[in-house]
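Each structure below is given as structure tokens.
Both complexes shown next keep subunit A, but they swap its partner, so subunit B is in the first and subunit C is in the second.
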Partner chain A sequence: MPFIKKPRTLKPLGAVSIGTGERAVKIGGGNTLPLYFFDAKLSNPPAVGVELTDTAWDAAELPLLAKAYEGAATLAERVACAANMKGVDFVCLRLEGADPGGDNLSVEECVKLAQEAAAACTKPLCIAGCRSEEKDVELFKALAAALQGQNVLFLSAKEEDYKTIGAATVLAYGHKVAGESSVDINLAKQLNVLMTQLGIPKESIVMNLGGAAVGYGFEYVSSTMDRVKAAALEQDDAMLQMPVITQVATETWAVKESMASQADMPEWGDLEQRGIQMETVTAAACLASGSDAVILRHPVAVDKIAALVAALI
Partner chain B sequence: MGKFVMIGERIHCISPAIRDAMATRNPEPILKRAKEQLDAGAIYLDVNIGPAETGGEDLMKWAVKLLQDNFDNVPLSLDTANKKAIEAGISVYNRTKGKPIINSADAGDRIENIDLAAANDAIVLSLCSKAGVPSNNEERMTYCQGMLERGMSLGMEGEDLWFDPLFLVIKGMQEKQIEMLEFIRMVSEMGLNTTGGVSNASNGMPKDVRPIMNSTLVAMAIMSGLSSAIVNPCEKRMNETIRSCDIIRNNTLYADSYLEI
Partner chain C sequence: MGKITFKLEGGGESTIFATPGETLLGLARKANVAIDAPCSGNLSCGKCKVQLLSGSSDSQKTIHIDNAQWDAGWRLACACSVEGDAEILVPDVASAYRSRMKVSDLSSPDELAVFNSLQASMEEAGLTKESGIFSLPVRMDAPTPDDTMPDIERIARAVRGATGAGKVTLTYFALKQLPNLLRANNFALRCICERREDTVEILHLLPIADTHPVCGLAVDIGTTSVSGLLVDMESGKILSKASAGNGQIRYGADVIHRIVEQQKPGGIDQLQKSIIEETILPLIDLLCAGAAIPKGRIYRMTVASNTTMNHLLLGVDANALRMEPFIPAFFHIDAIPARDLGIELAPSAMIKISPNIGSYVGGDITAGALAGMIWNRRELSLFIDLGTNGEIVFGNKEFLVACACSAGPAFEGGDISCGMRAIDGAIEGCVIDKETTEPSFSVIGGEKPVGLCGSGIIDVTAELFRTGIINGKGKFIRDGARVKFDEFGIGSFTLAFAEESATGREIVINEVDIDNFIRAKGAIFSAILTLLGSLGFSPSDVRHVDVAGGIGSGINIRNAIGIGMFPDLPLNKYRFIGNSSLAGAYAMLVSKAAEEQLLKLSKAMTYMELSVEPGYMDSFVAACFLPHTDERLFPSAKTL
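On to the complex of A and B.
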């Protein structure tokens, strides 16, 4: 039986814009199932972000990563490098130095760093905290005020702190916020309901559904994203039509395949190549499952995924 | 089966406030009830202007424009015995949010409303009765198939005839209820849509009992395949039951606040 192309017309999902002016990037807004570009022309291709932290990467066994940031001494210089990498649509700055269990930088110090970073960044900016709930709330409040007008995406608000973070970032200063639901589809919807009830417009919410490296429970991530996209498109569920952003790098660079040195695991080969492969494969799988934006770390992975997106559309 | 379609029944000329509003073309009481029902989750709004033998055409046009202009082209069910009024309503109807529903046809005097639906690419609520209460499901099915054939011979899609099994008052016809539910299942298994005025079933019961009876019956009917109903969406128990059924049937994804959205 011949294959008969039968495109389906579905209602476009919501898009969220980050950054300002010509540099702004729109995430989401498609009206097809993930990568079903044959069903309809895609308005916004999946966006690729590159992440860096205020504390520089330990690039001892990662010469390609080190080379990408070569000569960049300050955070501002590293941000500029990141923004200029091939294939990058936006930059994600993670303020790890704020971690009370680590460098424990003060909120004021972080604000200063973020302002320097923002000034040097030629792409839209996304800011992630240090994953200490209390510190992140304080940090986001101060950063939202300091970066007013720059339309930053904050990662992320959770069930415990969505009120404070949502009010401080979106309601007070017009930024964008991601709701983080750790691979819990019902919580993903609930967070959107709660944030909407708080008065946050749907156009200001991104879903951070959580992630996993391939081989580390990725099937849960994949089935969650499948269900979200199905509900959004086929059940017209307004509370699941926000774009999906996935922090790929934080997952893939934390598994042994991307961390064990070649000295310890000679049979596994070059560490950097392993890390790049984990990151690239996971990101491609996320795009196939429904991520509208992925955040990566390694410039080679960024380039590969951007090339994949370009080749598909 | 998709999400259950609640057709809000509260814009009805039996209500004195609505009757006055319709007579004096006063938008406010009608818009208020429309908003309440839509906020409560109604998908369609029924607009019952009564027999409307005189002036029905103007009244239906006015009501359709009023509701669609104020509520983003909300889809409507046009409810009157006056065919000209239905045609007039459809002539000004915007179908971007859904086809108009004609309420209603039956296998008897009102069979021509199927022709009207076919001519206007509308949905038609099709009551499986001819005169009075059908005596059994065989009779119901005869009417159902007759109406289906008529609609399809006029070019309608089967899914645009929504069959009403005729909900019967429980007090007095208790022995008929399960058979009626079985009929819903038969029609649903044919891949067709079903609907009905559920609250008829509790007629004559005390006010505090009616919501319990109505919502229990609607849950049992949904289990049998009922795809829509003409209900009061503002009635809390009914609303909660329908939303919960949609969750259990996996028509909407669960979230803790599912009753609020």
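On to the complex of A and C.
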């Protein structure tokens, strides 16, 4: 039986714009199931972000990563490198140094770092916290004020702190916020309901549905994203129509395949190649499942995924 | 080894010697001191607070105890062991669970009216009040040298003549009574008989002048509370009624904790003892005292209870109930002699247990469905029993499907810090002013409030949500004179300040309470949705909803729908049928036809195990939101 193309016309989902002026990037807004570009013309291709932290990476066995940031001494210089990498649509700065269990930088120090980074960044900026919920709330409050007008995406507000973070970032200073839930369609939707009830416009919310590296329960991530997209497109569920952003790097660079040195695991081969593969494969799987933006760490992975997206559209 | 003295706030004390490291909760159980421990000592519920009056303790501070309480010596009994001698104050609240839980025991006129209407509709459907047990005055001729028939034939012939029975038999006990009683009463006796088809068995012999009614006992054994009716089996009249907390509650609030407790050495006996000796026997004493009738005049007992409760009652190992694939030891068993369980009634008294249909849908539900008449309707009906376990039956004349979900004791006032049974002083209804956030209540008895009963918590949750004080997750998002946050950031709402309450203590509902309740209502609603969905039905197909349970008859269905607990159907489709399990046990006691119908119904009912239903967990998470994650299921919630 011959294949008969029956394009489906669905209502476009909401898009969220980050950054300002010509450099702004729109995330989401599609009206097809993930990668079903044959159904309709794509409005915004999936966006690829690169993440870096205020504290430098341990690049001991990662020569390619080290090379990408070669010669960059300050955070501002490293941000500039990241923004100029091939295939990068936006930059994600993670303020690891703020972690009370680590360097415990003060809020003022972090504000200063972020301002330097923002000044050097030629692409839209995302800011992620240090994963200490209490510190992140304080941090985001101060950063939202300091970066007013730059339309930054803050990662992430959770059920416990959406009120403070949502109010400080979006309501007070017009930034964008990602709502983080833990791989559960209902929890994701509940958080969106709560945030919109707080008065945050849908156009300012991105969904961070949680993630996993491939081989580490990724099927939960994949099926959750499938269902989110199906509900958004086919059941017109307004509270699930926000774009999906996935922090791929934090998941894939934390598993043994991307961490065990070649000396410990000679049969596994080169560490950096393994890490790149884990990151690339996971990111591609996320795009196929419904991510509208992925955040990666390694320049090679960023390049490959950007090339994949370009080849598909 | 230290000497521990438990001083009860309500008076009395108990002493026990402790080995180092033993928790106060464990010691209290040994010393027979009742301390409420719904979580069975997992540090999670905070109900087992006691005060150290003297001695030193090794304990752990939890979020249930604030600094002032800690300094005053308050500890969680489950998280505290004592070194050396100590005196422990057990406050009323820790032991009051026996009386605190709402028990639907027909003590209010409303409950009685509901009960009577259920009985009337059962009779209308042909389940006549004919128990088979009756009293029969018999007068015989005294033997003479010409009439040498033995006593047993003499009485058998007389009974045969009076009843038309083909065969008359005598119990061993009656036989032992026979010769002396015959001669002492001039060959005129009152026989208590039971008819089984063509046979009449004489159970008990009494002097002809005896006028006590022929009694039976209907008991509903709930996980949290137990209630009983003493009934004249010839007339169907209720002679007395009583209720009590289930004595097993100190082994945990839910069935799983009880089963786990049963697995410990001696656990089977201990749990059986706590239900029979500590709960049922005192209840029987109370019932008999209330009607001035000796226990020996009770000839039959019927029990409606969930599957775990009837296993524990009979001392049958229930462990397989909690392990996949969840297999009970029995669904239906024939009558058991009461004396085998150590329950002293009439010597030949038998106990009949309402049949189970699954590991988590037990005899309380089959009895309740019998009383609710779902089996006799053509339209599709839903039967919802709100208890520690929530059970749902769906169907009509042609089919019945049932499932169970774990709702926790919230509907009976448990698991809620200010929860109480629906007695005088309980807030049963609430309205909160949207502008001022000031609440107004309807309180049972009309005086100042003491606490919150099941129907009250539905109203309070609905009102807090409607007025924007809590969000869909039950977290406090609005400031107000009555909203507070503690050192752990847990929000709470003061329903009554100290001067507004009857006890002089604040009545406060906190986020933990609301969260417990949201999970309870989420369990109920997702079970309904999953059950209907598995058969290809949706809530809009339901024509009739029977709501049963000890939640209080004042339940506001509109609010229950508003918070997403019941499907969004027109209010007139709902009916509250009270303690239908007890109503079914009563029917089973006084009507043979009802007993047969119950057996038939239980065989026709299909059991659905929710835990193996792939969509249930998802549906539960979606339902743990006010009103629901999918707001389209609750169009009328918007108009609240």
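In the analysis below, the second predicted complex is superposed on the first by the 313 of 313 C-alpha atoms of A that agree within 3 Å, B and C clash if a C-alpha of one lies under 4 Å from a C-alpha of the other, contacts with A are read in each partner's own complex, and residues count from 1 in each chain.
The rule is simple: a residue touches a chain if its C-beta (ideal position, glycine included) is under 8 Å from a C-beta of that chain, and two chains touch if they have at least 3 such contacts.
What you see is a predicted model; the values in this text were computed from it and never measured.
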Combined model on subunit A where subunit B meets subunit C, clash or fit: clash
Which superposed partner A:Q190 touches (first subunit B, second subunit C, both, neither): both
Touched partner set for A:E138, first subunit B, second subunit C, both or neither: neither
Touched partner set for A:E77, first subunit B, second subunit C, both or neither: neither
First, second, both or neither for A:K163, with subunit B first and subunit C second: second
Clash-bearing segment of subunit C, relative to subunit B, as chosen among 255-263, 561-569 or 579-587: 561-569
Where subunit A meets both subunit C and subunit B, residue numbers: 185-187, 189-190, 193-194, 197, 237
Contact footprint of subunit A on subunit B as seen in their complex: 2-3, 251-257, 260-261
Residue numbers on subunit C that touch subunit A, as the complex places them: 471-473, 477, 618, 621-622, 624-625, 629-631
In the complex with subunit B, residue positions of subunit A that touch it: 185-187, 189-190, 192-194, 197, 227, 231, 235, 237, 239-240
Subunit A - residues contacting subunit C, complex: 159, 163, 184-187, 189-190, 193-194, 197-198, 237
